[in-house]
Amino acid sequence: MLNHTETPATTGAATFARLESEVRSYCRSFPTVFKKAQNATLTDIEGREYIDFLAGCASLNYGHNDPDMKSALVDYIMSDGVTHGLDMFTEAKEAFLISFSERILKPRGMDHRMMFQGPTGANAVEAALKLARKATGRENVIAFTNGYHGVTTGALAATGNGSQRAGSRSQLTGVTRMAYDGFHGEGVDSAQMLDDMLGDTSSGIDAPAAILLECIQGEGGLNVASKEFLQRLSAIAKKHGALLIIDDIQAGCGRSGDFFAFEFAGIEPDIITMAKSLSGFGLPMSMVLVKPEYDVFTPAEHNGTFRGNNHAFVTARAALEKFWADDAFAKDIRRKADYLNQRLGAIAESYGFRVKGRGMMRGIDTGSGDKAAEICAAAFERGLVIETAGSSDEIVKVLAPLTISDETFARGLDIVAEAFETVLRAPARVAAE
Amino acid sequence: MLNHTETPATTGAATFARLESEVRSYCRSFPTVFKKAQNATLTDIEGREYIDFLAGCASLNYGHNDPDMKSALVDYIMSDGVTHGLDMFTEAKEAFLISFSERILKPRGMDHRMMFQGPTGANAVEAALKLARKATGRENVIAFTNGYHGVTTGALAATGNGSQRAGSRSQLTGVTRMAYDGFHGEGVDSAQMLDDMLGDTSSGIDAPAAILLECIQGEGGLNVASKEFLQRLSAIAKKHGALLIIDDIQAGCGRSGDFFAFEFAGIEPDIITMAKSLSGFGLPMSMVLVKPEYDVFTPAEHNGTFRGNNHAFVTARAALEKFWADDAFAKDIRRKADYLNQRLGAIAESYGFRVKGRGMMRGIDTGSGDKAAEICAAAFERGLVIETAGSSDEIVKVLAPLTISDETFARGLDIVAEAFETVLRAPARVAAE
Amino acid sequence: MLNHTETPATTGAATFARLESEVRSYCRSFPTVFKKAQNATLTDIEGREYIDFLAGCASLNYGHNDPDMKSALVDYIMSDGVTHGLDMFTEAKEAFLISFSERILKPRGMDHRMMFQGPTGANAVEAALKLARKATGRENVIAFTNGYHGVTTGALAATGNGSQRAGSRSQLTGVTRMAYDGFHGEGVDSAQMLDDMLGDTSSGIDAPAAILLECIQGEGGLNVASKEFLQRLSAIAKKHGALLIIDDIQAGCGRSGDFFAFEFAGIEPDIITMAKSLSGFGLPMSMVLVKPEYDVFTPAEHNGTFRGNNHAFVTARAALEKFWADDAFAKDIRRKADYLNQRLGAIAESYGFRVKGRGMMRGIDTGSGDKAAEICAAAFERGLVIETAGSSDEIVKVLAPLTISDETFARGLDIVAEAFETVLRAPARVAAE
Amino acid sequence: MLNHTETPATTGAATFARLESEVRSYCRSFPTVFKKAQNATLTDIEGREYIDFLAGCASLNYGHNDPDMKSALVDYIMSDGVTHGLDMFTEAKEAFLISFSERILKPRGMDHRMMFQGPTGANAVEAALKLARKATGRENVIAFTNGYHGVTTGALAATGNGSQRAGSRSQLTGVTRMAYDGFHGEGVDSAQMLDDMLGDTSSGIDAPAAILLECIQGEGGLNVASKEFLQRLSAIAKKHGALLIIDDIQAGCGRSGDFFAFEFAGIEPDIITMAKSLSGFGLPMSMVLVKPEYDVFTPAEHNGTFRGNNHAFVTARAALEKFWADDAFAKDIRRKADYLNQRLGAIAESYGFRVKGRGMMRGIDTGSGDKAAEICAAAFERGLVIETAGSSDEIVKVLAPLTISDETFARGLDIVAEAFETVLRAPARVAAE
């Protein structure tokens, strides 16, 4: 969701209009000043409560201010634990490394190394691309239609969004764009087309260092890569000497129903980028997982001042221990995902729309950015924070915390249904149109 | 400081060797596991204390875990204040905006807008370059020898470090390199040479969108831009239709003796990038200050998931209110800087070396990366964390917290003196060489 | 045709091996020293005659040393006509401009302006791309799989050949590659896919300045763009604000059966690049035809020392007057093309191969670069100069002069048939394999 | 000389205005239609004669239509010698190779290989840069202020002219610009500055594949590289692992007083680009000379349709045999160059101007593009074709054929003197200004 029209702001918002850059965006859709948050509920300075179906764009998979993470973090701060440690060894970092290794990597038979850089998703993507280029000695990277990988120059070259690309066009090099699964509609086999291109030495597609994709495209419109597509890309990467990079920044950390969004396909990406919900608490943290054979940077060849955000290590470890010590959480996500699918399906059906997405990352394609914006605005009036996605912002997207209570989830989806009803069935509106 | 040779690690470090990427670097110089930190003191898991003359590469100007910031942060967390807010309005953000405006901008007659993006310095530089390119319709950016602006592709194009540049060479476009103040030695006027180049339509230097520089080059070797150099660049930027961007990420937030490192020159940069010590507490936060007339992004044209790190807003505001409500802190920095200069001067003189830098950002040029590394290692053995800078890591650099007590500061500098003595005067070593 | 294995050379060739760069290529396939040439016949220094089915890669559509052009040229030289005139006005240039306007442009209802630059096809492509970028204010250019547009950096970015691209990879920017007509096989609609990509604002394909293609891909493997494909690309270009550039360097000047290879589709390209047979005599000459509204260069914004090759103007005009004053020549080309198609069809059929191409630009796809090379070598032994094309050099390609006599043409095709027979049916070879 | 204002054209020029692209330039300064040319004399269709002090921008060092070359060429054409031969072996090419080897390379102790590509200077530069990049595995190329190397994308990246660069800005990558000898005025040592930059690993100047320069900058303003500058660049290239490429396209073939313009400095460039006067007769021809160890292209890795312009081989050989079999011609050039220097010196002195250039490539710096244009126009009215050079076209430049008779040369210089007098001393003009 990227383009917002300004909505009249509450009084509290005047400060922002005066002092903050025009580039601000989400605040234009939700023009109130928020004060507190707990799990799936946001509270503004007037005491109004909102259900959060945006969840920090999937940075809050475990909800706002989880009490166990909060407690771990406050204890750490109170004990004067190291806050900023560059990439020096700290107790908190060691505990995170061990926890991630034991809870996530080992059970999945993975031996990837953990790499830290600037704590944003874009920084992780930049590091991943550089690694792949160094490891292969090649420059070209295959990225896909509607992909979203961040807005720093290297990452933006791989991002599809035209508005964000526009200003940096000439700096955006080293990436070849291919059709994502299903982009050209039924019957056009995007994986085969990529294989055709790479297999022809005069196709003009230079031998790639990497194939980079999301398993579920969040910003791009909740497009889903099928199991088969992922398996074929994995094979194509191997066949043509490229690394497979899964950008699991938005779809990872349980959002898909598994910890990693690629697990269901049984593939082993060479490199995986993680961020958003990795810290568990919404704190800035990113990580690149890389197979040992491609861990080719020399010390400090890629770096970053905040790569040792110890507060994030503390909450990230707490999240791993709380949610990923067994498979109960994953099962519960799948249960909720089924419920979500059924509820959205019912709404979509009554308007001839289509549900898109997978796991707890789904939405309704309304076919119109204007309609979707009206629906989200109507939902906000009713106390629900929800946003759009897609090339034309035409999809109403549900990104609830995975920890949302059944009751709150149901109530939020009721509001979604009402908002659709209000916008699409209101007699006055119909007349006006 | 970028290249490290591995030092034998304590037992605790084995985890890192097994699980973390080879790219880790500082930990190789300081091979112990840290646990706690208070102001200028780090404590490892064995209870050993170290004076910190690295200060998170100037991310900890106010020391580790300042009690007032800590208290404000813990209160905020305990009250379930919003942690992750994308760029939505929050109470904590509003308070920061007002505080920065009142404490910093207004007293300096500045009306820059505050822009947030991914919370790293590199993200700020990327946003700044894009803004300048959009505002001017030009692509070329003038950057300087030994400049350091981060390692994401757009920022790296402006960064001088060859090892970091090497892997991304072909993606590093849109930047023209010019000599920094003093690069070619006495008698070569770098500002005049830039003016010559820009004034000749067939020089081959395309009309620039921006001139980007640090007032004091931290990583690049504590090179200092003189007042006159900054004033002339400011005039040259205006003359040739380019924006002046000061990267104040490392030298800002008081490090130079003023809040901004350019204040002493009386110039008004069009864009300023800030990060490192901005949050005050070592939390990830960055900001671009931009004159209203160049605040040209449309909503979400540049964005980032963690651009609303509310914990950082809370501590950043606490830092502003505590340290910048009057000029007492700045005066104290200058007093300490004089002391630092005098102490380093005495050490340097006895070996025929030279002190470089300005304010509380100074070091001794030993002329040899190997020697400087030995000196830092000798200091670490004596309980001091200190690092090198410069093209060959030849400078022993002091970046103490600005809040360091006089006693601790003196003790740290005593250790520096001992380390020089040990490495440079030891009879055995001399014989060996 | 790009990769050659060295064949033992005649004595005369030793000079070349000693003094000329290793980059030489065709001479490795035809290792004799040529002396004279007349229409479709080459004669070497030993007096051996060869039928020429390569025709300077379609630079000799009117055969070698056409007597009328020769006579016009010698008269011009003997009269001390200006040879080198930069872009100054000369009588010879004026005569060419008028002739081209009267014989070619006017009868086709075209009002394109003629632009001269360095006299090679690559120079024309470079100028065309720059024009389109300036006229639209956009940078991206759509080029196609297996396209060939020359090897200077700007043109090479649009060329598909991997071996030629390899050395300049990082400089090859500003081009997006799309599938040519039929590239992905039956049932995949390349034009629709391009329209899909350009119609989605977050596809990651930046708005294009131009769509650049050959109507028949010579080097790329005699792939043919259908009438419908050309018409749709023309419509897609208009719809998305891009210019349509037809690279008619190899397929133009009658080779397709019309003067321009796009005529049969009834489209009006915005820009057309011409070279190879334009001078008629094999002399270096290129030209860009551009619609007046896109003739946007300022004087000398693009230039070139040899853009006024007056010898070429003289022979080019002679060719236009001799061959294009009426439609007799075009009709004769089509007659010969039918004959060629029938003869190649018969050969192809007996080996289960396929004929590719259009007009007098056809070949047989043998499916194997090694086989095709053997066939060409066998033909050369029998007195026929013929070469391969395609990604793997797997196509035996006939590019006879359009002026070849029926008898010589038949004899050449007899040799082709024999060469196929020898290589593919020889019992010894079969045994050996 | 690049920017021309339109001068009212003779009737004959109307055809060009109607049919030719607006990019035409020289014809705007010399608005008449030329018909014939002999040595240093051009004749227009009205029979008016003009002395030629432009000489095809130094493509006509041996004058127009030299009778011996003319005779060799006509004989070759009349005998049906191969005109267009791709890169196949021909008798004419062999003769050229031998002659160039015997007359030029051997006497100078050079063993460079000869490489042919598209027959323009830009094509030679493109090939040279690609060779250097392949041979070194590096991408960066050092080029200089005011350098001119052609306008195809790869060459244009190295060219300084801002107007020509403007349209392709974003494609112009892989080149770092440094100050040419004397660019920053007396006392600034450009060679030392380059060495400083390359010697500092964090200067931001990536390790270069090549250092590319002209010994005398023609278009750039007749700037001259001193013997010492060339020697130091040669040493700097070796020291830093870069190849030295001399672009001898304009200054070569005797223009400087030697065959190569670098001979006087005693250096051995790794690669040399030649074009312009190489064919002797004004026919398109270019060549790259490359030391055998850097002759690293595989067959056809770089190519071009017109790389075998046999007419040019014939005239080029005739020129070598006529002018370079002994040192008489070189001596005569130096004699004329002294005369030129003396005559221009006298003119310059009387207006306080300065003579720039070397050998038979000199001009007067008038300090004003407008004045220089007026002087050239006044000269043309008096029957002299002469043009400007320099960033602001401020230099009146003499590029007479090296074969010009003493009498004609003197007459041409008389006209130059008159034109200066008319423009700079005319009372009316002074009053008007």
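A few points about this structure:
The first chain written gets the first letter, and so on, giving A, B, C and D; residue counts start at 1 in each chain.
To be clear about the criterion, contacts are C-beta pairs under 8 Å (C-beta built on N, C-alpha and C of every residue); 3 or more make two chains touch, one makes a residue touch a chain.
Just so it is clear, the structure is predicted and the values come from calculations on it, not from any experiment.
The equivalent interface to A-C, defined as the listed pair sharing over half of its contact pairs by residue number with it, is B-D out of B-D, C-D or A-B.
Taking the CA centroid of chain A as reference, the farthest chain centroid is that of D. Per-chain CA centroids place chain B at a distance of 57 Å from chain C. Separating the centre of chain C from that of chain D, both taken as means of CA atoms, is a distance of 30 Å. Our note on geometry: chain B versus chain D, Cα centroid distance of 49 Å, whole angstroms. In chain D, the residues touching two or more other chains are 139, 163, 166, 169-171, 173-174. Listed in rising order, the residues of chain B touching chain A in the complex are 1-4, 9, 12-13, 15-16, 19-28, 30-38, 42, 45, 54, 56-57, 59-60, 64-65, 70, 73-74, 77-91, 93-94, 97-98, 100-101, 113-123, 126, 130, 133-134, 139, 150-155, 157, 163-164, 166-168, 170-171, 173-174, 275-276, 281-284, 288, 290, 295-306, 309, 311. Residues 139-140, 143-147, 158-163, 165-166, 169-170, 172-177, 179, 183-184, 187-188, 192-193, 196-197, 200-207, 219-221, 390-392 of chain B touch chain D in their complex.
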